[in-house]
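Both of the next two complexes hold subunit A, though its partner changes from subunit B to subunit C.
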Partner chain A sequence: MTTLQTSPPSSAWSRWRGAILAYVLVAPPLLLMVLLIFIPALQSIVRTLTIDVEGQSGFSFSRYVAFFNDPISVSNLVFTFQIVFLTLIIIFIVCFPLAIYLRFAQGRIAAAVQILVLFPLFVPGIILCYALIRFLGTRGTLDTVLSIFGVTEYRTPYLKPDAIIIGLVWESIPFTVLVLTAGLRQISDSLIESARDVGAGDWTIFRRIILPLITRPVLIAFSLNFLGIFGSYTVPYLLGPAAPQMMGVFMQQTFGQYRRPDDAETQAVITFLICSLVGLLYVRTVASQRIQQEDE
Partner chain B sequence: MRNLRIVSICLLLLIVVGVSVAQEQRKEIYVYTDSDTNISDWWTNVIIPGFEAAHPEYDVVLTIVRGVGGGNADLAGRALAALETGDDPQVDYFETIGVDSVKEWVDAGLFLEITEENVPNIANVVEATNRLPQEIPYRGSQVLLAYDSEFVAEDEVPTTYAELIEWINAHPGEFVYNRPDRGGSGAAMVTRAIFEVTGQDPSLFVPGEFEAELVDQFPKAWELLGSIHESIYEEGSYPAGNTPVLELFANGSVHMITAWSDQALQAMNNGLLPETTKLTQLQDLPFTGGYAYSAIPSNAGNVEGALALANYVLSPEVQEAVVESIGGFPAISWEGLPAELQTQFSDVITETVPTWPGGDYGAAMVEGWYNNVATNIDPASD
Partner chain C sequence: MTSAQPPVSNDFWRTTRRSFTAMIRRDGFGLLALVVLALVILGPLYSVVLWAFAERWRYPSLIPTEFGFKFWEQTFSRADIAAALPFSIVLSLVVTALSALICLPASYAFARMRFRGRQALLLSFLATNAFPRFGLYISIAVIFFRLNLIGTVPGVIMIQLVNTLLLMIWIPTAAFQGIDRSLEEAALDVGASPLRVFIQITLPMVMPALSAALLLTFVNTFYEAQGALLIGLPRIVTMPVLMYSLINSQLVTQYGAIVSFVLWLPSLLLLLVAQKLLRGGYLTAGFGV
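Coming up: the complex of A and B.
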């Protein structure tokens, strides 16, 4: 890319060379993507849409009809959406104040909070799950502490949907805060100070300046978290109920335990299509940022 | 120049002959295992030192191939190739292997038949191990009930599956088993329900076969397990593994569980379970279990040593260690063990060890359980 920009436009050859070099550089990842993701995904989609009728293959939606007619598949899909949206809402409720605090606060406490916020990045999912089982479970740490204070009606979220949400929120905090803080840092202090000079209050500054300027980081955090949560496996499998299941667990189950690879493929394609819609949102958000930056 | 070449070739031949002669007389016994750490540790720390003390003429070389390719099966493949070429397979003893899991092994007579002539102690092995002539069953494990005697009165302890179901419903939230695909202890609870509704005859389920008529009766098992769904821990919460179930029992969240004998005994020995923990087995038809079978390749370079080792692992000394060190079940009759050990485990001793065939039956079992018991969606509402 650099060659492309710095080479003098006078020589057509060197421009060509730059372009070729750029393509050669992006070729390996592109090739990997095409070979390992796009082609298999396309094959899967085609396979789920074909049926074998007396040796002849024909087009059919029958696999999808079967999926959406099966109350268990549908309840798992609905359950996945519920978990994803609830988790996302809680992530933003938790992470917004944290990000704003980390953007504007300085000093030792802020540094400590910063480290705490990043801490989940270094904890593997499976360790987190067992820690949460010990912490949230019946007669776990939380239960014991509460009973010291006389609270005895504690009902554990372990093996219930709530535990999945707790685990996923905990896992998503560092990434979300990082993205939001990065977005907030792009808002210059002078902008806020000048608004304050003309008499804007904190709320007005947040609503009229900060919020519009961080829509993009919010969209990025939303879409990447959505993708991660929708396809999550370890947390829902270890902390969640046996039924309903999130799609990741359901797919593995159908493939490995029920030995029905065809149905697992249909579930995978449905998941893939949902996630690619959100992926598109992400790509558009990032692309519009690029275009805007180039215009500037 | 030419002379030199001839001399060097002769020397090389001599070395080769020398090495193979040395192998004929070698004293090493090459043992291979792909079992879990608790088993390989036990071999390293208990069995091998004990055997070498009893047989100073041998030197046991243990190689752990756990997680390496196909494990012991790969080495059996190597032994088969060596059998065809007449070479030393460099394997004398498989700690566990399914001798009939590959057709070629059986056809070629890869494994040595074990009789009272070559391994005298094989005579003490119990019927329940159901061994093939080439198999040396030497340790077992079975699912059983673990309960906390502080909360479960002695006269309340279920002795049949029907009583267990009754007990669970009478004590909501005090019993738990794991999802059947996430650990054998939960699977045993489910397969036992299937045995219950198909006439308590596990022999109906033949591995590798699939009788649709039997599977048609599974819904009765779902009904039975569905009847206790609400009474399971936290109104029907099923953990995802043997260990989480043991943990719920250990911290007192529940007072009765299904558990693997070896995992429960080991946890008890390590003081992880309540001191009042007791184990019991159903008397009408026990939960499923199984044995680990060793085998010796017929072309082993040190057959004599391997046979001596086989005889040693079946000695009362090692069989006692099976119970005490790894919490397993002995392969010989409990009567051959110290009286003290017998009384300690009198409640769990059983002569029958039913097995579940898995395969297509397993898939039908797991899917049926998830779709009918765990979801608790009324099938009529489909």
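Coming up: the complex of A and C.
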């Protein structure tokens, strides 16, 4: 803060009082977060690493050994990775051109595209799943339309991995395009024009000017989509196959149907550990962006 | 190609034609995107809306064979739906109110007060996004399981509150930071009490942001299904949770369609103010961007 403030002369005591009041005000949400995020996560990590033998608890990897020795658990984990990477690739292939288009285009068509891109933000996941079943399912809308054009051998992606990817991409379009477009807006028109004046082509402009400036938005979009897909439940549960399952569905089944909270906890901690690096990347990227904004 | 040269003789037509094709090509992408997006994004919803008003819909007809409201009565006379809808609305209101109560004073402190660790504490709320959501829910559920909070209203309220923290703190904090303080100082100088300044000057200035935060929190909570499913079942059933069973059992297609349609209405409200939300930067605030 560089602005001069006409604050009353503050003694050490009144500064102290102000700080205490501030801590009292910020304590409730922090407490809630500690109680409902940090403590459960830490406790899960500690508990999955301990084992009770004849009343004595000790350190052990046995729960993890059991997880990685179980072919079903491993195939679910591998399946989750495959879905995450395929979905991420498709998200970027779809969203990058849209974001670049929305940044530079003007006019009615661009406005309409913008509205459609934002639209999925206003469709809750559970309704999306129902809609996709009606749309993609056998004898659904797509099947009907194709049959009108004489295509009869429609094979539905519903209950196959493809349907999970379709649903997840559909859900993440608005956020990804919003973040990428916001990043692209930081690039001024004059910068691109001057590059053009000295003879830079579209590709050079993209690689030399646009790409470095949108690293941060790309990292945010990547990390949040990664975490979102890894931690998803509704879309894979309702649209995906019964086996293999994504980790969210697997955990819910272990906890809710098989009533094995311990095993579900191990599965949860494995997802934490896998996602921890990406989570850190997300927090670091947003933090550096925020600190930079406050300095400006 | 895009440089505007003064048209000279027959070069004129060539440049015009070139810029025209360039325009077609540029708008061509827009047109293509528009058509594909309309099909992919509106297509699925088309089926839902039409199914909600269909008495009968035989394959391979593109629109329902018979329109009507017969199933609306049936849907809302189902005991589970009649109970879940008001419960969901009240639950979302309670969660939103609690969230505001907990977070708004904190956001004022984050924006206006100076204290050690302010920035770090504010950033720590990003943790709500930094975990794979369902894994975190499982961790919470294991603790709630031992505390006998599974299947209770307090349990569901708590898990839904976690989801509201980031939005309810970051949007108002940005708003309190963004207001021009000279008005407040002027009012204080002419002798207004701090409380009066807050109510008559500060509050009106942050009102758009506060209402955006409240609206987004309410709608997000209303649609929150995964936490409520894991913590709430078997005794607590919200509308989105009910949708899982309506989809899985598929007794009558119309039930799911009608419930989807009704559930979707609050979201349409958001759509109406979407431009405002977008311009205020509120839509991405929930992601910490």
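Convention: the second predicted complex is superposed on the first by the 256 of 296 C-alpha atoms of A that agree within 3 Å, B and C clash if a C-alpha of one lies under 4 Å from a C-alpha of the other, contacts with A are read in each partner's own complex, and residues count from 1 in each chain.
We adopt the following convention: a contact is a pair of C-beta atoms (placed from the backbone, for glycine too) under 8 Å apart; a residue touches a chain by one contact, two chains touch by 3 or more.
All values reported here derive from a predicted model rather than from experimental measurement.
Looking at the shared chain after the overlay, A:Leu159 reaches subunit B, while subunit C stays out of its contact range. In the superposed pair of complexes, A:Val65 makes contact with neither subunit B nor subunit C. In the superposed model, A:Tyr233 lies in contact with subunit C only, and not with subunit B. By the touch criterion defined above, A:Ala182 lies against subunit C but remains apart from subunit B after alignment on the C-alpha atoms of chain A.
Within the superposed three-chain model, A:Pro124 lies in touch with subunit C and out of touch with subunit B [touch as defined at top]. Contact with subunit C, but none with subunit B, is seen for A:Gly107 once the two complexes are overlaid on the shared chain.
In the overlay built on the shared chain, the residue A:Gln253 is in contact with subunit B alone; subunit C does not reach it.
Number of subunit A residues touched is higher for C, counting subunit B against subunit C. Looking at the shared chain after the overlay, A:Ser75 reaches subunit B, while subunit C stays out of its contact range. Of the two partner chains placed by the overlay, only subunit C lies in contact with A:Val26; subunit B stays clear of it. Taken together, the two complexes place residues 133, 139-140, 237-238, 256 of subunit A in contact with subunit B and also with subunit C. Looking at the complex, you find that subunit B touches subunit A at residues 179, 181, 233-234, 237-240, 244, 247-248, 251-253, 360, 363, 366-367, 370-371, 374-377, 381-382.
By the touch criterion given at the top, residues 2, 26-27, 29-31, 33-34, 37-38, 40-48, 51, 59-62, 102-103, 105-106, 108-110, 113-116, 118-119, 121, 123-136, 138-143, 145, 158-159, 161-162, 165, 168-169, 181, 185, 223, 225-226, 229-230, 233, 240, 243-244, 246-248, 253, 256-257, 260, 263-264, 267-268, 270-271, 274, 278, 283-284, 287-289 of subunit C touch subunit A in their complex. Residue ranges of subunit A in contact with subunit B, taken from their complex: 71-72, 75, 133, 137-140, 155-156, 158-160, 237-238, 241-244, 253, 256-259.
Subunit A meets subunit C in the complex at residues 5-6, 18-19, 21-23, 25-30, 32-33, 36-41, 43-44, 97-98, 101, 105, 107, 109-110, 112-113, 115-136, 139-145, 147-148, 170, 173-175, 178-179, 182, 196, 217, 220, 224, 227-228, 230-234, 237-238, 247-248, 251-252, 255-256, 261, 264-265, 267-269, 271-272, 274-275, 279-280, 282-283, 286-287, 289-291, 294.
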